[in-house]
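Following this line, the structures themselves.
In the two complexes that follow, chain A is the common piece, with chain B as its partner first and chain C second.
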Partner chain A sequence: MSRSILFFVLFLYLLSYSIIGQWFEVSMVRHVLIQIPCLVLAGYLFGRKSLINNRFLILINDKGLAGILMCIFIGGYWMLPRALDAALAGSNMALVKYISLPFFVGIPLAISWQRIHPIARAVIKIEFLTMLFRLGWLYLVSPNRLCNFYQLNEQIILGKCFLIIATSLSLYWILQLFAEDYREQETLKKNNLYDQASS
Partner chain B sequence: MNRYSLISTTLVLIISAAVWWQGTSGFKAFTSEAARRIDVLEYPRKLSGLDFENQTFENINFSDYKGKVVLLDFIYTSCPDICYALGFSFKSIKAELEEAGLQEQIQIVNITFNLEQDTPERLSAYVQRYTSDHDMWHGLRLKDPGQLKQLLSDFGVVVIPNEHGGFDHNAAIHILDKEGRLVGIHDYQSQQQIVAQIREQISATVL
Partner chain C sequence: MSSSISVIHPNLSAGARKTLLTYLAISAVVFLLMMVFGASMRYEQSEWLGMGPQYFYQIMTAHGIGMIGIVGLAASAVMWFFLSRHVQLSTPILVANLVFFLIGVVLILGAIFIGGFAAAWTFLYPLPAMGKGVWGNHAAASYLVGLLLIGVGFLLLYLDTARGIMKKYGNLGKALGWPQLFFNSQDEAPPSAVIASTMVLIVNIAGIAAGAVVLVLSLVNLYMPSYELDPLLVKNLIYFFGHVFINAAIYQAVIAVYEILPLYTNRPWKPTKVFILSWTLSTLMVMSVYPHHLLMDFAMPKWALIMGQIISYMSGFPVLVVTAIGALTLIYRSGIKWDVTSRLLILSMLGWACGVIPAIVDGTISVNNVMHNTLWVPGHFHIYLLLGLLPMLFGFMYYLVQSNGNKVGAVDDVAFWFYLVGGMGFVTMFLLSGKESIPRRWAAHLSEWVPYDRIASVFATLVVIGALVFAYRFLTRLSRINIATS
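And now, the complex of A and B:
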């Protein structure tokens, strides 16, 4: 437990205040597609390892509702071009970013994902994909710079990256749906129950 | 669902709504450029009293423009594209206001942020592209380069060097009222709104 906290804190530090942190933020693509996901991932892994069985968190996060809502709304906020600018403008927003992404997006996602209904999970996956498509399209077609701190050509590259990621993810998830034989599983389950009942 | 989860869910919703409301100026501004435009409309912004010199080596302070409505943009004289668009927009607004006989009431100002290269001579040539009236149309540069950060942050302007040796910067027309407060920020294409706000500011009485 204590070692995982140490790694978690070290990782956050590397992503934020060090020279590496600045290297991420110089480029819009690295900022959005590497630093922000890594901050979320850090929180997610930490949550999976250390907090998933925390009794207090289970108590206040019944069915994963509070956690997944927090993850969606706070994560969504960081998708606004304005939020990126604010984090770069030299205000406290940079610190808010480094704290909110792991703690209010990554950790809630880790402790809620397995608890929410499978249909909700599917809806969130689809919504995430459409968000990527919409943002990608917006960044590609916008004639204006959406972030004051980044150039127009970077915005276009980011738009393309969004579309590539969204397309690959949808293909992956679609293929995944057809990888297993669900009918067979259902039959297996039924047979299993039938066996148990008769014995 | 248990009582504690109900409370925590409600809290999450309230906090999220507050974050989004605050972060988008009431769901109106999703970029920082839109945000600064809404902000100055709602809260006219006082500007620092910085010292400039113009294209004729005169010392200028924003307070010298008191009583006039100021049209202002940020430029660098070797700008190949957007500054031209801004300049021609100024020229066309100037013509429209002159037709209405309001030329005495306005001042046009280009402020350079490229202090290394833009000398008063270069500013003079820049202004000359659009007009020969060097009283009504000023090209300004800060006397103390150390004040550039203050100037840009007063206006909420961000300047980033690009790979062609130039700069990317907010392309907007700023309006200062007769007391030198920043009261409007517009796209250079929206001439109608700009002229309307200038007329409104001209007819406003100074307290």
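And now, the complex of A and C:
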């Protein structure tokens, strides 16, 4: 537990105020596709490792609803180009970014994902994919810069990256539906979870 | 005669039964209303009505989207009914889909009849943004959002069927019967309802996702016109979604044929290897054939159009052939009991099969360049839909109405013949008009064309009368429908 906290803090530091953090933010692609996902990932991994069985969190996060909503709304906010601008312009918003992405997106995601209804999981996955396609398309056709801090050509590269990621992810998830066996898994997961929650 | 046909559903809850009947009751009413809209377009072209182009295009938009939405709804009820005999499905999600559907319908009707939206159901870019005073941006947005909501409802429904199917059969490949097809598995293949539903959920989830992308982008463009979209890309996505959705309605409704005909002939319908193979092929082809809607778009890559042509030739075939042959072998010397249900189901096979021929003609690039924007096109798809798909759905309704000994009268037999004769005459007039190069989607016709329109109007009236009896019978017998749950 204590070791994972140490790693978590170190990882966050590297992603944020350090020189490495600045290197990420110089480029729109690195900012959106590396730094932000890594901040979320840090929170997610930490949450999976240390908080997923926390009684109190299970209690207040009934069926994962509160957590997943928090994750969607705060994650959604950071999807806006305007949010990126704000984070780059002032150090207050930068701080908000470094705190909110791991703590209010990554961790809630980790402790809620297995608890929400399987249909909700699928809807979120599909909505995530379609959102990537939409944003990618919009970035490609946008006549002007959406972020004051970045150039138009970077925005176009980012748009293409979104489309590539969305396509690959779709293929991967589709293959999964044909390759894995969901008979045991569904029941297994369910048993684990309900045992833990009720014991 | 038909008194012994039993309607059994071993585990249909009272809530699910009620919801499904609500689906079908709404469908019956909307079918009728949309048919009246359809007939009124023909009356207008016959110069009998004088509603003017503005109303004509509103009604054309409402008829197109209304029919496509409602056959999707009714067909999903057929699928749900039979699939839930094999896998566990969620009634709350069935209800949720209906709620999304109804909210979407309100938005769409408001867009059309209050806002004046009349850009045809296909909402092709950039038309929705170009109302030019006939309709405003908000009306177009209301239409697009309505469609989006309906998509969300169906998405939930198909995700739930996916969950139910995978929980029982493991994954989508197994539910399509691939172990039996490719690996000589000796286990019993999944029932036809499961195979068909799996195909449908795959293609429809893909179609709805594509629709959800293009609808939102169209909305962005409405309010921020500087975001210009590539019209051809938009058209590709819309037709991918549209073609898949309407075809999937047929592939859901045909489950009624697989499940009900065997009861009439006392012979089982077991999925064979050929059956499984054809459903797998159709899964791929339904998703790759949509370029036949773009054969006139010369900017399309040539390979895509050629693919569209070739797959159009093959696409209808596999499932249609196994189904038609399967149905014939079931019927042949079986002493089938003839009543409205079995007649409608046999008609549906004929209609589906006949629709393929003019479709293939139109799917040929060189012909398409001449025929595409003529009434030939509504001609071929009305054969599929009016004489193939709707008879499956009405047949399913009669199956429920005649459940466990309930009888219907001679009026229903007469109505069947009205529907059959009217329908055949009506689509034939579309095809003949197409042959004369009469354009589709024209509110006013040249005087040489009007005779065709008038004959078509008479036939359309016959169809409406037939359907009126069907719908009346279903609605007035709702409370007597008797589904045994043992």
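Convention: the second predicted complex is superposed on the first by the 178 of 199 C-alpha atoms of A that agree within 3 Å, B and C clash if a C-alpha of one lies under 4 Å from a C-alpha of the other, contacts with A are read in each partner's own complex, and residues count from 1 in each chain.
Here is the rule we use: a contact is a pair of C-beta atoms (placed from the backbone, for glycine too) under 8 Å apart; a residue touches a chain by one contact, two chains touch by 3 or more.
Keep in mind that this is a model prediction, so the values were computed, not measured.
Once chain A of one complex is fitted onto chain A of the other, the partner contacts of A:63 are limited to chain B, with no touch recorded for chain C.
When the two complexes are overlaid on their common chain A, residue A:178 makes contact with chain C while staying clear of chain B. In the superposed pair of complexes, A:55 makes contact with neither chain B nor chain C.
Applying the stated contact rule after C-alpha superposition, one finds that A:3 touches neither chain B nor chain C.
Look at A:138: by the touch rule set out above, it reaches chain C but stays clear of chain B.
Look at A:119: by the touch rule set out above, it reaches chain C but stays clear of chain B. In the superposition on chain A, the residues of chain A touched by chain B in one structure and by chain C in the other are 144. Every residue of chain A that touches chain C in the complex is listed here, in rising order: 118-119, 122-123, 126, 129-130, 133-134, 137-138, 141-144, 177-183, 186. Listing the residues of chain A that touch chain B in their complex gives 59-63, 65-66, 69-70, 73-74, 77, 80-83, 85-86, 89, 144-152. If you check the complex, the residues on chain C that touch chain A are 90, 93, 155-156, 159-160, 162-163, 166-174, 205, 209, 212-213, 216-217, 220, 226-230.
Per the touch definition, chain B reaches chain A in the complex via residues 1-2, 4-5, 7-9, 11-13, 16, 19-20, 23-24, 29-35, 158, 160, 162, 168, 170.
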